[in-house]
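Next come two complexes, and both contain chain A; in the first it sits with chain B, in the second with chain C.
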Partner chain A sequence: MPAFSTVLENKSTRVILVAVVAVALIVAPLILPAFVNQTLVRVGVYAVAVLGLNIVMGYTGQVNLGQIFFVGLGAYVTAYGVNHDWNIIVVFLAACAIPGIVGLLVALAAARLGGLAIAMVTIALPIVGVPLAKRLDEFTGGSQGTSARFTDAPEWSGLYTDQWQFYIVLLVTATAFLLGRNLVRGKYGRAFGVVRENEAVAASMGISPYRTKVLAFTVASILGGASGFLYLAAVQYTSPETLSFGHSIALVIAMVVGGAGSIAGALIGGAYYVFVPQLTNAIDPSLTTISQGLILLAVLFLLPQGFVSLPRVIRRLARRRPARSTPPGNPPQNSPVHHPATEPAREGLEKTERQDRS
Partner chain B sequence: MKIRNKPDGVLGIVAMASIIALSLSGCVRDGAGQGDGSGASPGLTDTAITLGVTTPLSGPTAGPGTCTVAGLAAYFGAVNADGGVEFGDGKTRTVEIKTYDDVYDPQKALSNFQQMVSDNVFAVTSGLGTPTNRAFRDAAISQKVPQVLVMTGDPLFSNREESPWQLGFVPIYENEGAAFGELLAESGAQHKVAILYQNDDYGKGYVAGFKEAIGGAANVSVVGELTYEATDTSVDAQLTQLAASGADVFFNAMSITPLVISSLQKAQQIGWKPSWFLPSNTSSPTAILQPGGAAAYPGIYTVSFSKAPQSPAFAKDADVVKFLADLKQYGNYPDMPAFPHCMWSYMVGATLEEAFKKMTEPTRDSFMTALRDIKGLQAPLMLEGTAVDTTTDGQPAVSSVLVQKYDGRGYTTAEKFG
Partner chain C sequence: MGTFIQLVVDGLATGSIYAALALAIVLVNQATGLINFAQGGMAVLSAYIAYAFTRLGLPLILAILIAVVVSFLIGAAIERFLIRRFEGGETDTAIVVTIGLLTLVTGISAVLWGYNNLAFPSLFPLTSVQILGAVVSVRSLATTVTIVAIMVVLQVLFLRTKLGLALRAVADNPASAAFSGLPVGRLLMVGWGLAATLGAIAGVLVAPQLTLTPGMLDTALVYALAAVILGGLSSPIGCVVAAWAIGVLENLAAVYAPLVGHDLKIAVPFVLIFVILVIRPQGLFGRKVVVRV
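Moving on to the complex of A and B:
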């Protein structure tokens, strides 16, 4: 594992690796079965939504329970645009911009509040959104929902629809993740981090906590809207049930399980959101809620930092194992100073070590 | 403050993507041909046929959703125990049912449909929910997978032109409204009707059917017509206004249980005691009429097409006895059914069996032709006077309903109004 990491630190190897993955992603849909493509498409849809949530919650530390509202809004804008024959680029821009503007307006008010009050405001969004979607039936199709087909593969491409959808989703998702990654690695990402840790410190460093929170919230809404566009590209139908509050909680769960404050975690979160219901359906369709709860508990017990911490945990375990067979070797790596977050399991292990030694 | 170090994140992405790419690159697309070479459609072998159901099995609609599976499983469990169904092509096959939970979420319903296609399901059936069924309707059409006898009152599913691979099972909202309108028009006496309806496709469907049925009748006049929103918590204002119209019949197309109860109470309080019409899904004697004090009214009417197993009148009925036994043994549903969907999905089973017997080729095309050619089938549990009829364009498999009148404990069929 350490050797692998050193290889990765070499910039050119990394570029080559990224290129290999990119090629693999482009070739993959051509050889994969349709159902796998369709599943990966949905992973992409929700990965973008979780990415937005991660920026506002994971990086900036502002509880947002209304992300699904922006997904639904983006989906409705897309459906409306497609059904009125707008250019697809215009549809996409509108699907990002309108949720972005709504998110900005909400954030301007909500970011003045602290902590849990923001959570309360964001809870209101899907709760208001469902009846709103039912009542504004000239835009939304009412409770029967509205369908819009614009992602059937065109004749000239020679592709199956699932492959065509895969490329659309791949394009948008990859762009969103690249932009998201650059955002959180740069100046704004550092500002997000400071605001999350301590707003007073942020203010003393010349970072306005208010503006930072509004920015994070707006970016999350734009990504939510983009996810809504992808939702319609994949599902081709939306209804008020899409906005239901429960899905918002499921997105938060996906973010936490994937890894809060991590870009790769958002991708894993999207995969979790899609795969777990399929998995639990395969176990027993009438026990899905229970088995989903058990999986969630198991993940949070074993990997409290989310799936993204899995390589780190494995590396730590790998490092510790040789240390145990030869106790005097490498003591600094085992000292608690390096790992302030000690879990109970670790303590147990150390005790045995000490017993071994005595 | 945490600043994540670069290689870690890239490592994560690379690892994730490689895992996906590597683990799946072994599978190669083999085209759409999943049949066994004999020209049969996917999901159909010489000994078995596989049906798929996507329906809410968890969440708020899990109760009725579970019933849509239980009844079907009960019916075909008993059929399989007797050896299976003899199909029109001469082969005898057993019926397997694969169930998928969609939590009433359109996105999950589509996902389940895609899974069914990859699981080689012959046809999708019996699933509950308008948005969930709509979510994969387009996909079912483009992949030519039958999506039939589904539990939605949405007329779109019974439109042959727009939905060539679909068919609804339960009566559309218009059917229910029309049945009551006809009864009223035939009564001969003068009636003034007040209408209150939910301001969406549900309420509008009921009113449209009712108005069409009373269209030519000189003895029925609508004296008041108001709406409410599904999100409203009170309709007291509307009730007061409608009471002032002096109507003797109140047509209340309402789908919200607590609102129906409070309307029943409120109308009594203000001294307005008309005869009521209530939709089939909000007319439960124990859950709605008793708490609402419905005995105070001259008549509470609703519609139905299935025998009620909980009613003493049907306790010894042969259909009901067999149904309850099957439900217990094969449907994994030991209790008295709490929702009519259990009975409906049992009838879905009988209707499918009829179509299987008629289909001459082991293909989906032949199945759809056979399914659209069923007339006058008295499925088990159906009330005398109702029947499955799939031959009329624009109508679901069951479009005949009987008006029922509340007798203080349960419902009995009302031959005439009053």
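Moving on to the complex of A and C:
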């Protein structure tokens, strides 16, 4: 373990590691079976949505129960654009911009509220969104939903559709995560962290809590829209069911289980969102509700800070065990290296703050 | 005019259902500072427990009393063995834990009793009376009266008793409460137990009307949350008034505003919340929370 983390600190090995992962991701769809590709594509779709949620909720501390609304909006915009033969780049930009603008407008009002009030305003989005999507059937196809095919693999590529979709999702997801990582590690990420911890302190430092919250919410909405674009790229169909309240809650669950306030956690959250229903269906379809509840509670009970804290917890246990086995009086001989109680922050001040409290 | 009165009366009746759940949510929030998304699911479980006892041949009122006591114990146990671990931690995590609890409890109800609607016997007669040209069932009248009684009891509990003061102290600042000698852990358990009791009463009151299914209170929970936010988290009276207002307004908007209609009537309370919160962020009856640096 310690050797592993020192290797990670080394810059050149990190570059190599990133290159290996990148090559693996590019080669993987060519080798893997279609079903695995499709599953990974869906992980990517939801990881982007969870990333957005993480920025507003995990990093900035504003409870957002309506993220799925922006995913759905992005999907509908994409379907509309594709069916009206817009250029695909224009479709993508619109799928990000329109949810972003709606998110900005909601945030301008909602960011004045704190805590649970903002949760209630955001809860309203999917709850109002579903009947609204059914009502506006000119744009949305009503309860029937609407489909748009634009991600069939082109002839020249020689790829299967699932492979082609994989590359589209990979491109957008990787870009989104890179941008998200840069955002939370930079000036704005630190502003998010301060606003989260204490708005009065933020204001006294010259950071406007209101503007910071609006920014985080808007970024989350844009990422939600991008996720909606990817959703349509992967599923090629959307209906009011896509933006149901249950799915919105599932995104929040995925975010917390993956690890709030962590970029890697967003990716794990996307995986949780996709894999757990598959897993519980495989166990016993009639017990899915119970097993999903049990899995969620078990994960949070063991890892209250989400899956992303797993390596930390393992390391802590590994350190504790040898100390216990040695009889009192004898200094432990098998662990000469002493690590600090907390890991250095990887993603801004956020995480250290949280570790201090735990 | 007759339609109008009928709509208002029906709205008050559905509003009372939301109010019952909202009161339980306020109770947990006042006692522990959390929002419990599982409140509806727990109330449904309590109703199922009462149902199980009536099937054993017990009289209804006895079955309900047993369910209320069992619910208190379940609520206290959930606090002690599940929620305790997440108190003082991240609020987001605690909220997601209660969502997980909701999923689990709903799943348990579904496995034990299935997804089919079950007829739950009513505590009150099914006859109806005419008031000002509107047909009012004795059942919804009695439900409303019970809710008002519970609301008054809660208001008195929180503002006029030592237990209420202790519960509020623990929610407000557990550390200071512990320093002044309050048994923080036990009070938290009592808070959750009382809320579960209240949920049980709400569950058995509305079960005859909605018929018993595991997801019986899912929609009501959303409305109850809306009422809680609208009325202010610290005010039982506020949330009951808000719940009634939501029930009535929603009914009126569905009939009198053609743009809204029955499919979009659920939007009414939320648009209302949006407008009110933007003007008055602490809710209609809530006190403003002052944050210290």
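As a convention for this text, the second predicted complex is superposed on the first by the 325 of 358 C-alpha atoms of A that agree within 3 Å, B and C clash if a C-alpha of one lies under 4 Å from a C-alpha of the other, contacts with A are read in each partner's own complex, and residues count from 1 in each chain.
The working rule: contacts are C-beta pairs under 8 Å (C-beta built on N, C-alpha and C of every residue); 3 or more make two chains touch, one makes a residue touch a chain.
Keep in mind that this is a model prediction, so the values were computed, not measured.
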{"item": "Partner chain(s) touched by A:Met57 [first = chain B, second = chain C, both, neither]", "value": "second"}
{"item": "First (chain B), second (chain C), both or neither touched by A:Ser239", "value": "first"}
{"item": "Partner chain in contact with A:Val274 - chain B first, chain C second, else both or neither", "value": "first"}
{"item": "Which superposed partner A:Phe70 touches (first chain B, second chain C, both, neither)", "value": "neither"}
{"item": "Which superposed partner A:Phe92 touches (first chain B, second chain C, both, neither)", "value": "neither"}
{"item": "Partner chain(s) touched by A:Ala117 [first = chain B, second = chain C, both, neither]", "value": "second"}
{"item": "Partner chain in contact with A:Lys134 - chain B first, chain C second, else both or neither", "value": "both"}
{"item": "Touching partner for A:Ile249 - first (chain B), second (chain C), both, neither", "value": "second"}
{"item": "Touching partner for A:Gly142 - first (chain B), second (chain C), both, neither", "value": "first"}
{"item": "Comparison of chain B and chain C by chain A residues contacted", "value": "B"}
{"item": "Chain B/chain C common contact set on chain A", "value": "131, 134-135, 286, 288-289"}
{"item": "Chain B residues within the chain A interface of the complex", "value": "1-4, 6-18, 20-21, 24-25, 27-30, 57-59, 66, 69, 99-101, 103-108, 110-112, 114-115, 117-118, 130-132, 134-135, 137-139, 142, 154, 156, 199-202, 229-231"}
{"item": "Chain A residues touching chain B - in the complex, by the definition given at the top", "value": "5, 8-9, 14, 17-18, 21, 24-25, 28, 30-36, 38-40, 42, 131, 134-135, 137, 142-145, 147, 149, 152, 161, 177, 181, 185, 190, 193-194, 196-197, 231, 234-242, 244, 246-247, 261-265, 267-268, 271, 274, 277-278, 280-281, 285-286, 288-289, 308, 311-312"}
{"item": "Chain A to chain C touching residues, read off their complex", "value": "57-58, 61, 63, 109, 112-114, 116-117, 119-121, 123-124, 127-128, 131-132, 134-135, 198-201, 204, 245, 249, 252-253, 256-257, 260, 286-294, 296-297, 300-301, 304-305, 354, 357-358"}
{"item": "Chain A partner contacts - residues on chain C that touch it in the complex", "value": "35, 82, 85-86, 89-93, 95-97, 99-108, 110-111, 214, 222, 225-226, 229, 233, 263-264, 266-267, 270-271, 273-274, 277-278, 281, 283, 289, 291-293"}
